Structures are given as C-alpha cells and as structure tokens.
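Both complexes shown next keep chain A, but they swap its partner, so chain B is in the first and chain C is in the second.
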Partner chain A sequence: MTKAKSELHHVIRSTVLRQQDLCADVTLQLWESLASQLVLIIGEAGFKSLFYRSVHVTAKQFSWLLTLGPSLPREAPFSNLAIRLNELDREEATEATIALLIVFIDILTMLIGDSLTTGIVRSAWGNNAFDLATTEFKK
Partner chain B sequence: MVPVGSDDEKLISLTTKIQLLQCSNEDLLTQIAMLRKELLYKESHQTMMAQLREANQHLVIATVDAQGMQASAEADNKRQEEFLSMLAHELRNPLAPIALASELIGKIVFAHPDLAELQAIISRQINQMTRLIDDLLDASRLSNGKITLKRSIVCLMDVLQLALESSRHLFENRHQHLLVNNLRENPYIDADLVRLSQVFSNVLINAAKFTPEFGTITISVDSKDGFVVVVIQDDGIGIPHNIQPHIFQLFRQGFHSINRSQGGLGIGLSLARVIVEMHKGTIEVYSDGQGFGSKFTIKLPIATGSVAVVEKSSVPEIAVTSCQILLIEDNADTNFTLEKLLKQEGHRVTSRSNGSSGLFVAMQNNYDVIICDIGLPDMDGFEIVKKLRSETSLSIPVLIALSGYNQLGIQQKAKESGFDYFLVKPVNVAVLLDIISSITLYRK
Partner chain C sequence: MNSKVTINRLETGVLGLDNLLGGGLPEFSFNLIAGTPGSGKTTLAHQIMFALANPERRAIFFTVLGEPPLKMLRYQQQFPFFDIDKVNSCIKFINLATDLLEGDFEGVLARIEDEVQKFSPSLVFVDSFRSVVDSAKTRELGLSGLPQFVQQLGMQMTSWQATSFLIGEYLEPDEESSPVFTVADGIIWLSQIVHRDAMLRKIQVVKMRGQAQSPGVHTFRINNDGVEIFPRAVISHSTADAISICGNQRLSMGIPQLDEMLGGGLPVGYSLLVVGPSGSGKSILSTQFLAEGVRIGEPGVIAAFEKSPNQLLSYQLNNIVKSGKVGLINTRTLDLSIDQILHDMVSMIKRMNAKRVVIDSLSGFELALASVFREDFRDALYRMVAVLTGMGVSVLMTAELEDQYTSLRFSSYGNAFLADAILMQRYVELGGELKRVISVVKVRASNHSKEIRFFEVGPNEIIIGEALTSYTGVLTGNLSSTL
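Entry: the complex of A and B
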C-alpha cells in the first residue's frame, strides 16, 4: 500500500471514529461532500457507478448494504445508508462506514492515482480532517 | 484677454469633451472586444470541461463495469473449478468399487475361460475413465493456471518409457506399428517426470486416435543447440491448414476421432503445450493437410552443469505378514470390495461405515493401519485423524487417506491433519498393498 493510500485510510478511520455517536450524520456529510467534488470531474453517472461498485464489494462483509439498490437517485443512497446505519449498533455502523469509504477511496485511487485522490478528499473534507488525523497519529 | 464664457471658449471646451468621449468610447469598444474574447474563451473552456467530465464519466463507468465483469468471471471460474472437482469426486466414487471388484475378479480368472479377457476389458475401461476424469481436472487447472511441476533431473528415455506404457495398448488395439528411431540419444532434462510423460502420452494417444488401423507412428529423437528434439509422426488423417493454429487450444479437436469410444475431451494437446512451455520448451504441429498425416515436434532444453541423477533403488522383496487394518469407508461397495481384497491378501480387517464408529474402534484397539475415507457423512477423515492423534493412548497406526478429490489443497490438509499417505480413488491396489507391506518391513 502506498503512503498516500495509507494516509487516506487513516483519515477515514480517524474522521469516523472521532464522532462515533453521530455516525449516520457524519457518514451522510462525508459522502455528500465527496460527491459534490467528484461529480464535477466524473459526472453524476460516474460517481454513481463508483459508489455502487464500492457498495457491491463491501457487501461481501456487510450484506445489508445490498439493499441500497443502484436504481435510486444520487441523494437517496446516502440518506438510505444513514437510515440503515441508525438501525445498527454503534460498532457495526462505524465499521461498515469505514469499510465502504475505504473501498471507495481505493477504487478511486486505482483510477486516478494517489495525488489527485488526496487533493479531492482534501477539498471535500477540508484540511482539518487531515490535520486532526495526523495529530491523533502523533499522540 | 478673452472673456470667460465666450463662444470660442465653449467651442474649445466642447471639442475637448468630444475628444475625451471619443477616447473613452474607443477604450470601451476595446474593453468590450476583450470581454467578448474572454467570454468566448470561458465558454469554450466550459464546453471542454463538460466534454472532459463526460469522457471521465464514461471511463469510470467502463472501468467499474470491467471490474465487475472480471470479478464475475473469476467467480464463474471458481464455481466451474468447484463443479469439476465435485464431478470428478462423484465419478471416482462409483469407479473405486468397480476397480476393486475388477482386481478381485483378476484373482479368480481360472473359474471361467472368458473371465481373464472380460476382466481385462473392465480394467482397460476403468483406466480410460480415470484418465478422462484426470483430464477434466487438468482442464480446470489449466484455465486457472494451477498446473504445478515437481522437477528433478530425469533421462528422456524414462519419460518416453512411461508415456509408452500408458499409450501402448491403443496401438495394439488398432494394430498400428510403432517405430522408435535413434534411441541412442538419451539426454538428461530438468523435468517433472510424470507431467512430461503425460505430454508424450497425450501426443501418442492423439496419433493413435487419428491414424487408421494398421497405420504407422514413428518416434525419433535428436539433439540440437542444447535442445533435445522429439518428433512424433503418423500417417493418419492429418490436420487441415486452417485448424493447425488452433490445435493446442483447450477443448479444440481437429476432427472427431475415427474411434469415438476413445474420443477424449480436447484437453490433451492444450495441456501438452502448457506443460512443455513450463519446461521452457516448444511444441509444434505440421501437416500437409487432410489425409497426409501429422508431425508433432517437441523441443526441450537439455539439463546443463553436473547432472546428479537419483538412482532408482532396488526395492527389497518384502515378505507379506498379516496386518491389523481398520477400514473406514461409507461407500458400501468400496467398503465391501476393499475389505475382501485386503482379507485375500491375508490381513485382518475391521470395517466401519461412518466416522464416529470408526473413531470409537480406533480408540479402543491397536491397529497397524487405518485406511480412512475423507468424505464421511458424520465426521470427516481430517477430524478423525486429528482426534485420534490427540486423544488416543495407544500407539498411532499408519494412517492412509482415501479421497475422490485430487487437489493439492486437500492433499496438504490431509498431511497437516496427520495422515501418512494420500491415495486418490479409484485406489491403485498395488500401491496400497506396497504401503501395507512396507509397514510390516518396518515392524520387523
């Protein structure tokens, strides 16, 4: 795994774990901001395709993810995901959120490379997410 | 002095104002032109951005679709491999008691004059069936790149000898002449003896199938530029030019063979190519076309450096003494025939048809050998052996696994569980009896 990819994984973990109690809301926010950045580059259909591929891959670990069918409009899967996360216990909701984001970011990295992916995630989630993850790591 | 507000003054002031206005008008026109240019640039930039976004979108969708298709193809391959493995297992299970029964009939051929010939037919067909099952598994391994080699330094003659042993009956059945030229060339090669003999056997079987009765098949050996060159030529039905480039593809057959009962699955030549290439060699086919025979040329690198060959040790004659054997096998026919065969060899045999009762008697009694099927209904062979090894206070007997599955993973698992030997169904009786005999030797 490259250094950049490992850093992105760390940022995902730290961002989700920091607000475990608000897992569903945080998830919704993270996905929406990622979508708003990525749609500019790969279009709505491109984002949707990438998202559902990630859902399909992660569903091997969390089978309930398959209920987020690809026929839904772009906003719907996020709110549906948030609803499903609210129904789960905190531990599983957190792990599923992290797993799905990591799979998504890994596929994106494979497509466009480390540098551009990091740039997009920074624009979407802000530098703060990276700074906090680094601080936590140092601690 | 001109008075303020005179007409001249007003005129001058107006002219100046007009000039200023003209200047700023020109500036404005220039600015408008520049803004128009910028706007055009911006518009074309935006159009380009939209086009790029669309292109990216297509690329992402195509890549994600390709990923999905790849994953689905891999899953299909896995399912196919599992199915073929299960199919082979299911076919081997009934074959095992037939083979054992054939062995038993072989011991009473004196009872009727036709019995010897009939038993030979059964035995040949069992071998043919076993070969087809092995081919099926090899096809699955081929498509998944799972063919492995166990290499050592071997001499070419040993390889050819082994290949001829498994194909000679075909030439005899079809009254074909087999000519072997220049066998003085006997170089050493770094090869997997069994796999490489399979290559020659497949080519020879192919030659036999596609050559009419009383035809001729010639094997010649030569060496050139560090390679040994084996040519197998026949005067059979030949191969049309348009088929020759595809002859080494999986499930591809040039013609239906003359004798459909020896039809095969179109796996042999494909397997041959892969094995030869794994040995860093080449295999080529040439035919002048339909009716002009075929010529297969196999080139293999000759082993370089000092060649250390493992000499075949002569096997000591072993006086067979009676062993106490426990047989755990759920297939009633295999259980019956194997028990009978072992008893005929003078061994004392206890048989059980399920795992738990097998384990129970194994824990209670001293046995020299336990022959145990892997796939039992209540407790599999791995578990029986693990429990036996960890819980018994008795001395551990020699443990022989029987299985219809012949995958490296299962063999490895059997070894890790504590089995000493792994035999694939239908059991090669001679090998099984050799193992049991060697135990009596060690016991001495």
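Entry: the complex of A and C
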C-alpha cells in the first residue's frame, strides 16, 4: 500500500472513530462533502457509479448495504445509510462506515492516482481532518 | 504614437504549435480544436492548459458528455505535462453533464458563467462541445439556438478576458459546425489517416485571426511526452537569402584525389549525390567526408537509415560517433514523415553546430517514410535538401542504383536534379574481375574533372587510382584497351 493511501485510510479511521457516538451524522457529512467535490469533477453519474461499486464490494462484509439501491437520487443513499447506521450497534456502524469509505477511496485512487485523490479528499474534508489524524498518530 | 492594440501571444508549450499558429496563441482568442475521434484533441488541450496555467493565469476545464472525466484524468496523468500540483490550485475540472441533461443551452451557459465568475480563469476549455450540440438535437431543442449560444459564449469569454477553447468531434466541416467556425478566432483541425497499414496524424490551423498561420497540413505524433508537431518544411526566403553559397569555399572530402576531381573539393553549402551499386563504397566515402570534418573541427551529422547501431558501417564511423563529433540519427522506425526526420536533423545540426550532413541512404530513407509520403518523395526530398542547404550545411546523400549498362542513370527517383554535385560509382569488368570506377558527373557552377578513374575500397578509405584513358566501353561495363 502506498504512503498516500495509508494516510487516507488513517484519516478515515481517525475522523470516524473520533466521533463514534455521532457515527451516522459524521458519515452523512463525510459523504456529502466528498460528493460535492467529486460531482463537480466527474459528474453525478460518475459519482453514483463509483459509490454503488463501493457498496457492492463492501456488502460482502456488510450485506445490509445492498438495500441502498442505485435507483435512489444522490442524496437519498446517504440519508438511507445514516438511518441504517442508527439502527446498528455502535461498533458495527463504525466498522461499516470505515469499510465503505476505504473501499470508495481505494477505487478512486486506483483510477486517478494517489495525488489527485488526496487533493480531492483534502478539499472535501479540509486540512484539519488530516492534521488531526497526524496528531493522533503521533500520540 | 501607435494606438493599435497589441495582442499578446501565449506560448502553448506544444512543440511546433507556436510556429504553426504564427507566433503563439493570441490572448483572449476564442478557439475551436476540432477533429475526428481519437485524433488527440483532449491531449492537445490538456498540454496547452498545463503549460499555460499558473497561479496568475488559472484555467477551468469543463467536461460535458464526451470522454468520462474519470478516464480522462486517469489517462492524461500519464503524460509528464499533467502537473498534479496545479489541479485545484490553478486548474479546475468541472463536469456539466447534469446541467446539459437537465437544461438547455441557456442552462449550460449560465453554469459556465457562474463557474467562470467564481474562479476567474484566464483559460476556459469546453470538452466536448460537440456533445452540447448533439444533446440539443436529441432533445429537439433545435439547432436554431446554437449560433446564438456560440456567439454569446464567445463574446462572454472574450469579455471575461479568457482565452477559450471549444473541443469537438467533427468528421469534416458541416452545416451545424458553420456557426462555430464563423465565431471562432482560431480553428485547429486534427485528423488521422490510414494509408495502407500506416496511420498518420495531421494537424491544420484552418484559421487564426490577426496573424499569419503556417498554411497547409502538418504531421504530428503523440508520444510519451504528449503532442509533438512537425511543421511542414517550407523554404524560408529570409534564410535562403542570408546564406550565400560561394564556390570558392570548398570542403575537403578527405580524399585528395577526389577533391581534385571536384575542382578543389565540394563547394560549401552544396548537396552531393553519391550514386552507385551495392558494395561500391558509398558509405565509406561518406564516412571519410565526416571524418575529414572531424579532423579540421567541423562537426557532422549522419542520418543512417540502413544500418542498426551495432552494424554501424565501420570502425571509423563508430569512433567518430562515439567521440561526440558526429551526431547519429539512427532511425529504423517506419511510418515517419519527412518533417519528423527533418525536425530531428535540424535540431541535431543546430545543437552540434554541424557543417556536414550525410543521409545514408535515400533508398533507406524512402523506406522509413510512411507509404503516403513515398508518393511525394521527390517533393519532400526537394524541401528537405533546400532546408538543409539553406542552413549553410553541406549535404552528402547516397543512393543505390543497379548498374544498367544500357543506360546512364543517376537516380531511381528522377531526382538527381536536386543535387548540386553528383559522383557516380560503377562496376566494370576487366580481366575477369569486377573493378570499381568513379567519375564526377556534375558540380554546379564549377569546373571539375571529366575523367573516369579506377578506385579501390580499403578498410576505412577510398583509394583513387589511374584514369581510364586507355580504355573504351567503360559505361557498357566491358572494357576494351585502346593500346
């Protein structure tokens, strides 16, 4: 795994684990900000195809994800995801959130490379997310 | 006081394109990059964008319904010009597919305007513009709005002080493209043609307002570095006038007796055709010509079309190439255009300040060209020789020609007239042996020997022998002694 990819995984884990009690809200926020950046560049259809591919892959581990159908409008899967996460216990909700985001980021990295992906994620989640993850890692 | 507006010309960063455009891209111009699918439009646009974009000159690249942006980003990153650090800081990619599918021309225009106002780019690209047109047709919005759309977009882009580019797939100019063509300040047309098994890329600057573009169709290639254009060699009058060919200045061929035969050596700036059958010593003669240059401090360049590096002609040539005094253009790549080869030669001649150039051989050179160029070989060769001699270098070309004892020929292409001087080598039969003979057929505007002389080919040298004054029937191949 490249250093950049490892850093992105760490940022995802750190951001989600930091607010485990608000897992559904954090998930919604992370996906919406990521979507707003990516849709700008690759269009809504491009984003949706990436998102549902990630859902398909992650559903091997968390089968309930398959209920987020591809026919739903863009905002709907995020709110549906948040609803489902609220129904789960904290551990599973956290792990599912992390897994889905990591799969999504890995696919994006595979397609457009580490640097562009990192740039997009930074624009979406802000440098603060990266700084906090680094600080936690040092601790 | 001169009150005329001064148009800044932007350097595109694409090898050869600025020459084609007539000195660069006019700032604030509204341009169309059009052509067939796969002809390199997006690559050309990206290369220009990445070369020009900086923190003071930002760029927006709008994608519409053509190549999926993910794929575009994935593949374009492979080129070294794709500077990731510029993405998002100086360059923004924006997808307009949703706006187009949900709206109409006005909606797309409003979105473009909105994004341009927010980011204040100096460069705006719309790829593919054609999909905007197609979408309008599909949705029966009609093409009537297209001229207004294009005109409005063009006007706004200029008012926003942006240099802009519409990128579109067009097989050939047609009715729907005419409004775009009318409004555009510049039109760059890309195409690829297949002739027999060879594929060639072509570029034409159809229009460039306010400056004299290089006319005609030129070749280009897309290699690992991106787009490289080879402007069609045109003989520059200014260059030609600046070079004066003086018959008094002569170059030694490295063979004193041959210099005598030429009337004192080869006049500087002349082209010399050495024609003879296989094995007659043309390449060795060429090597001696270059080696003599090296000896007196005149660098040379050899374009070798027949030998691979490890077969390099001779130990002597290997040595002078390795010494760095002679540049080697070793091309066994096929499907080249003459302008590609000429570009490489001119670059090397300039870099090495070369005075002597060898093309070995014209037959190999012709084979290296894509089939479509072979049909115009004479024309291409004429342009090439004119450009090279226009630079003041002396050019030696070899040509293999079968001995046909029923006729006297100097070239299989009918292009011997291109050469200022011609050396002929032939085999003759004498006493049951093949002997080599050499003669100077012409040296333009100069006296020269009319003798036919025997010569021998040593390991690294040509040894000129006696004149065949006591023989007749030399040109028939069968010598008879007159003694």
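Assume the second predicted complex is superposed on the first by the 139 of 139 C-alpha atoms of A that agree within 3 Å, B and C clash if a C-alpha of one lies under 4 Å from a C-alpha of the other, contacts with A are read in each partner's own complex, and residues count from 1 in each chain.
As a working rule, a contact is a pair of C-beta atoms (placed from the backbone, for glycine too) under 8 Å apart; a residue touches a chain by one contact, two chains touch by 3 or more.
Given the structure is predicted, the values throughout are model-derived calculations rather than measurements.
In the model built by aligning both structures on chain A, chain B clashes with chain C. When the two complexes are overlaid on their common chain A, residue A:Arg53 makes contact with chain B while staying clear of chain C. Applying the stated contact rule after C-alpha superposition, one finds that A:Leu116 touches chain C and leaves chain B untouched.
In the superposed pair of complexes, A:Leu40 makes contact with chain B and with chain C alike.
Of the candidate stretches 5-13, 41-49 or 59-67 in chain C, only 59-67 runs into chain B once the two complexes are overlaid on chain A. Where the contact sets of chain A with chain B and with chain C meet, they give residues 40-46, 50, 111.
Across the complex, chain C meets chain A through its residues 63, 68-70, 73-74, 77, 84, 87-88, 93-98. Per the touch definition, chain A reaches chain B in the complex via residues 40-47, 49-50, 53, 56, 107, 111. Interface residues of chain B, counted against chain A in their complex, comprise 53-54, 56-61, 63-65, 67-68.
Touching chain C in their complex are the following residues of chain A: 39-46, 50, 111-113, 115-116, 119-120, 123.
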